[in-house]
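Per-chain numbering from 1; labels A, B, C and D assigned in written order.
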């Protein structure tokens, strides 16, 4: 394998499909959101993306079976006649600069082949404040951005870069005459963040005007919050101990001088 | 996108054009100088350069619109009959070694196609002394260098390398039978340096014998100087505090022994 | 040399051959195991694999002769009519990501050309417990895995990656319709580990149903154990001294405060 | 420029030429030795090697003229009817792994084109002992190695790698049916080492059976020795001061406990 390539498992005909992309990144926001959609919509896998720019290891499943790192395309037939969906997620982003451009490029070729006119990419955004996590939006065309803003997103901060596949797909989409929107969920980023993923999905469903029940994420969110609280307590305890130690040492020093 | 490529937005006919290049680098000297020329001459964009060797992120503008990192070519029609200008600047230099050579190579192909006979590249040069910042010149042919020296530049120090696109264009220009000059403005380099950019432009306008009002840079220069002064004061204060702390600690130690 | 390539030294006809691969990695398990097979079976070299992705140095032998880093294919004719073997080992793994994919790909092309239907790759696995080192197995098909499990292997831990050539060959084998099994011997990993290599070979010979005397590894195992014991004693002594030093310093501190 | 390439400046006919290569490396041994040969033999430049794998900067000469990093081939006509020489040196080695293989490969293509049957590469070897610096030899064929040993070289240590172009040329020479010898001069390596270069040239002239006066290196050797002595004195002084400081601090500590 010298280049990134996409292997189609079944030939399908889709009705005006929209592609939604979410690879691992900050807080795993994109991956959690896309996986939830796939599971909830019971979307079916129809193609794999392989690349020599992925890390050079393979994964073992519970049965001892092995596979390459890859991305997977799933489709969902919209029975109410609206847009069908193509949902893409995977194990990893490219490990090289050129690979990042190559993978985003191949995905766009594939989207074009399947007559995709609109792409939504999902990612995380480093959260500074402690308020409710926002969702930031950026797009290649104004009307797509407007829809996201009406659905509750804020305009992505000017000047702040969108890194990786979620960003490059937007950058390269222009050349294929495909419109693209990027939704970034605010996240602390150091742990998988289903809360940020849910925020993004809330914006997404209104933007694209389709129904999906998001309560299935609540349990995961509760678990993640417990984990964060536990880590914070450990952190606070450590800080306290460090403070104690510092005071002890200060005392010693005071006695001396 | 597997290779660097240039996308022309409009077809133009230029009269004996000179190409001026200034990408981000030390003190942003090249970029500030070229952007000033573009703005002041009201030059028009006519081509973009894209490369998979640029960093793998996209930029968001104030309106939430997204674009790839790129370089941009602008043209200016000289109404007095002298050389037209092509002005090139961009967001970034290549992140890989091979990309550096590839991008400089593509720019030269493009220059050749547009019948360019002379190129001037602009960059920064690490400033050692505290005197008025000099402009250093290096060239592929003697008469171009002589013009720059007569215009106030000093000969670039022998042995000191010119790094990145500004240098490689000169190195590769020979193979295309294009003459090239590099002007490096002395700069501290850790902040955008419009003063160094103005010094370069003063040399440039005399070298190429065209008129341009540089007073538009003065405000930016004043702002940059205020910033530098402020940073220096913070630095001095820090140094003083560090000195105090050191003395305190010395005292303690003295008491002990 | 722009690409990895395989140079055949002699043309051979093999009977339903199985390829066994063992390159340097954790504890050198794969290399020690494969080299032992080659020596014990008196397998003959018939091809070399060269790659610009190997490290850029050459090796000197005792006679002052020089050669590139490379991999070597050996064959063994099974006189009892069962599967012949192709045994592959080498000096190094690829130093680049793309090279890892390229080398595994070329090996599979070569295997296909020689009508290989089954590949076994050998590697090391970081050992946590102090018990007898286990052998972990993963495979592309269930019946191959089952054979390894019946031969004493445990199922490789789900989620833990198999890094490098031993893993990628399994990942890529699918595309060539070749079945592949990976055997990983548990090892501390910081020293060559012939004990782990023997554990793997015990599983391998039962899995593939061929006879080989493994007592030839015992001397090497004894030597390695002596080395480990010696290193552990040095380590313990160091730890004791560090403890002593710490206590001395504690005393001083106590006197002060 | 996407690949390494060689640009011939003049067409020459050489009589059974031997290629001698010396690029920058440990102690600059190869470059100093080759440059001395070029100067002393008054060899003429006839080709340049350029590569996108060299570092991405250009060099400025005293006149303010600019050029790419490159390697240069020079030729020397042997008036006594023996082998002519091709002498190769340059500014830098490749900065990438693949580039190392590519450059060595192109040099061998070029050598083959000019009917070269023998290549000698020159480099440095990390010196451990304080004795007179030795010259180590390794070769692709025994008789070439024997000649070097008879000329005073020692057999290169088995197992120790020869890194970079000097090594890869030997590794790749086999495929072109060219014989190659590598001579490594022992050197401390942290400073340019003309003494090691002279040791290599002494072996080289006997091995290839041609006359050259090496006294021209003596002045450079004397200068280098002065430099080394000076650096050693500074080093010793530093060590002494550090010892003093340590004793002072020990005293303090003793007073306390």
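The rule is short, and it goes like this: contacts are C-beta pairs under 8 Å (C-beta built on N, C-alpha and C of every residue); 3 or more make two chains touch, one makes a residue touch a chain.
Since the structure is predicted, the reported quantities are computational estimates derived from the model, not experimental observations.
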Check: How far, in degrees, do you have to turn chain B to put its CA atoms on top of chain D, rounded to the nearest 5?
Finding: 90
Item checked: Type of chain A:chain C copy interface by residue overlap (half), same or different -> different
Next item on the list: Would you identify the chain whose Cα-based centre sits farthest away from the centre of chain B?
Entry: C
Next item on the list: Please work out the Cα centroid separation of chain A and chain C, and write it as a whole number of Å.
Entry: 37
Checklist line | Distance from the mean Cα position of chain C to that of chain B, given in whole angstrom | finding: 52
Next item on the list: Check each residue of chain B and list the ones that touch at least two other chains.
Entry: 256
Note to self: What's the complete list of touching chain pairs for this entry?
What the structure shows: A-B, A-C, B-D, C-D
Note to self: Give the list of chain B residues in touch with chain A in this complex.
What the structure shows: 1-2, 52-69, 95-96, 251-252, 255-256
Next item on the list: Would you pull the chain C residues touching chain A in the complex into a rising list?
Entry: 94, 97-98, 100-102, 105, 137-140, 142, 145, 149, 155-164, 167-168, 170-172, 174, 180, 182, 253, 256-257
